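You will see subunit A twice below: alongside subunit B first, and alongside subunit C after that.
Presenting the complex of A and B:
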């Protein structure tokens, strides 16, 4: 076991970041430097990084994410003032040795009581739907594309979902991975201008296209050839011809800044597939999305 | 079945380590830092030293069945590959069909992996992969049948023998590129990784940690090894070659295909699933038909 732990301690720590206002760019640069590995889900992390001062509205989400990191786990706070790699590695050593493990923050019980309504007492109809114990169950509904009756599942994503800007909370109703309905619950946190700089924005889209090395190259000041553009579908998120997500990525790759404000995007992502919707949202900068959400 | 079966675990583990290392060398092509040969072991240890994550009401049986099946499919696929002319761990008269079955069942293993945690993003990854898997497996069958035509046999030993004069890569130049699509899909890589994408927080692996995640990663890497060996056999003459011992030729060609697959994985962007489905049905499938027709015409 000791050899295993020693080997593991020399690996980059798997860190799930909860990114607060103004901390998006520092956190992305931290992971691009290679001193820690960004875990895409709390279950695959060992260390929870709380970057910046997270507003109260997101405190409950941090507690839930904390408990989803499998114990033993550690939490590291980072204000952005110092170099965090030492504290991340110390926390990772602590995770591996199991010393000072953090207990659950929330009781291990369902978020709600069983609702005593509906045919089976779960709040839905038949064997479907409702929110038994606070868990939304799928319920049939009309498919927006072909009118078939297909299962609809409503879930909340954010405020620390890795594919969305930090702070953004969406309530989406999915049929498969088609977004049948979407509502913006909370806008993204405000970020520094550096987070909306062309290389940072383009890097986020490249990661979603499965090109993390290209993204890191952009963050180091390198260039990426325009061949990657053909992976973004034409016409996606087009306010007018020639102003689609592909054109926005092209401008970022050329070093030109994007629009200061996105259109009202809750309605725009309705009817798209999840991957398309996420690509489209990331074709606007976090600040453009925040202004759009706050204007709505 | 010959005692050569005992070489399979060694070959699969060595291949998995090599593939994981090449994966960590790839960032250097984009100006990043290349990792040393110990990096895969470190990352593996970092997974093994962590506990398995649990979700509420998971399907506990399929949770272990999925990576286990994936691993066994990689081993079964590799077992029919000839290690030297006339010699394979499992000398099957229908080796190509055995490999085809392994390909098709991989879709089931990946689906079960996304199904088992009882969580939305893994399930989306599972369904996406199944949708992409079907139109990828169809061209794969045409490509493999075309590779078997010059040998007039479904035995991989015969397929190798038929390449003594000229490799299938020369006879059927678009066979290998089409087969690479299959390889990228089978190993959940790059432009064809629709199961574990970043937009769905790691997809079928989103709720995995610890030994369960390690086993899944290992299974992916062993499948890459098996695929590379199969591609080397079907298109590059397998163990045939002058001077060196036959298994050495097979190993070298396997590594060459592995390098090509890993390069494609890191260099090519992944488009959205609906567009990829369109491309597969409208372009890749007719192309593979054409490929088979041409291969048949040449063989006649």
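Presenting the complex of A and C:
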């Protein structure tokens, strides 16, 4: 192993976590301890961490994420009982040495057959009929702002999206930058009460706001100044005055638990832009979101 | 001439090397799928959406063109005096009506 590889191996490994039931708090504490770096997408990770016992409904998602980690890649399972930093570092050294790489789990083929089909080899006929790269073109729909007929893009986010509670699967329809419709497909996994404790919730929101050091300080039991509240847009998600996302963050910073159940998802994020919607969802605790999703 | 040929050859070499490097690391189908935290999407990400700031851009260009008129006007202003002043006043007045119209249409509302 060269000197450069040895130095790289001593750095915190970039890990993409797939978090199972009851493992949200342990995984967040693992990353806050600094022994691993949380990669926000599989493309920037070297190691895939499977934390806890993931239900069968999420197995296909794990396969997809596994293949999106660029090779050479390693997968590490963690039950939460032992200290995972050694196995993560071993896996990272394995990634850097490049041998024993895990092969793809999914076949290397586009979602639909398209090459050479149709008039122009784009998989169909006409401007809207093709399936370039195996994917059909987006169809038009009415824009919620002014009724213009523009393309709608429907995607299913989750169950391991880093900005949503683990297990939550949302079907979101975007019109440009705006969420035109949202529907819960699967509720989040149940978590321990510690995951919905005020410091953990506030830390999650601060991390989204790009204040990771403040978040780590909160998780270690420290305090942050009230100035961080200015990072949350005023009036976001206000059902009534003084009840917006900023007020909810303030209550968490004061150590008060938030509401026990969030409002219905569709009404919560429809009409918002993606970043607003994510900030808004994270202004409720994972438990409150789980109750709202299960009520739907 | 020799410098031109050298630069051309070097550029061609860079393109060839980058093409070879890209081919070696070509992403597989699962890797080139968009990342939704394990979720999927059927349609192609290529889509048409409304570029909502274009009306504001038009107003910006109108007021930038106004400056094109102000430079020659500033040169002859001292000679012409009050007459030039009145002409510029009329010109700005007409532009201001356009501005008010844009305001009424919600051009300056960022959403």
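Odds and ends about this structure:
To be clear about the criterion, the second predicted complex is superposed on the first by the 269 of 296 C-alpha atoms of A that agree within 3 Å, B and C clash if a C-alpha of one lies under 4 Å from a C-alpha of the other, contacts with A are read in each partner's own complex, and residues count from 1 in each chain.
Everything that follows uses one rule, which is that a contact is a pair of C-beta atoms (placed from the backbone, for glycine too) under 8 Å apart; a residue touches a chain by one contact, two chains touch by 3 or more.
Keep in mind that what you see is a predicted model, and the values were worked out from it rather than measured.
In the superposed model, A:109 makes contact with subunit C only, not with subunit B. Applying the stated contact rule after C-alpha superposition, one finds that A:176 touches each of subunit B and subunit C. Legend: residue contacts after superposition of the two complexes on their common chain; A:151 is shown touching subunit C, with no touch to subunit B.
By the touch criterion defined above, A:58 reaches subunit C but does not reach subunit B.
Applying the stated contact rule after C-alpha superposition, one finds that A:67 touches subunit C and leaves subunit B untouched.
In the superposition on chain A, no contact is made by A:81 with either subunit B or subunit C. Judged by the document's definition of touching, subunit A residues 41, 43, 68, 70, 135, 153, 155, 161-163, 176-177 lie at the interface with subunit B and also at the interface with subunit C.
Interface residues of subunit C facing subunit A in the complex, by the touch rule stated above, are 28-50, 52, 111.
Residues of subunit A that touch subunit B in their complex: 4-5, 7-8, 10-14, 34, 40-41, 43-46, 68, 70-71, 95-96, 135, 153, 155, 161-163, 174, 176-177, 206-211, 213-214, 216-217, 220, 222, 228, 230-233, 273-276, 278-279. Interface residues of subunit B facing subunit A in the complex, by the touch rule stated above, are 26-27, 29-33, 38-39, 41-43, 45-46, 48-56, 120-121, 124, 127-128, 190-191, 193, 197-202, 205-210, 213, 266, 269-275.
For subunit A in complex with subunit C, the touching residues are 18, 41-43, 58, 60-62, 64-65, 67-68, 70, 104, 106-111, 131-139, 143, 145, 148, 150-151, 153-164, 169, 175-177.
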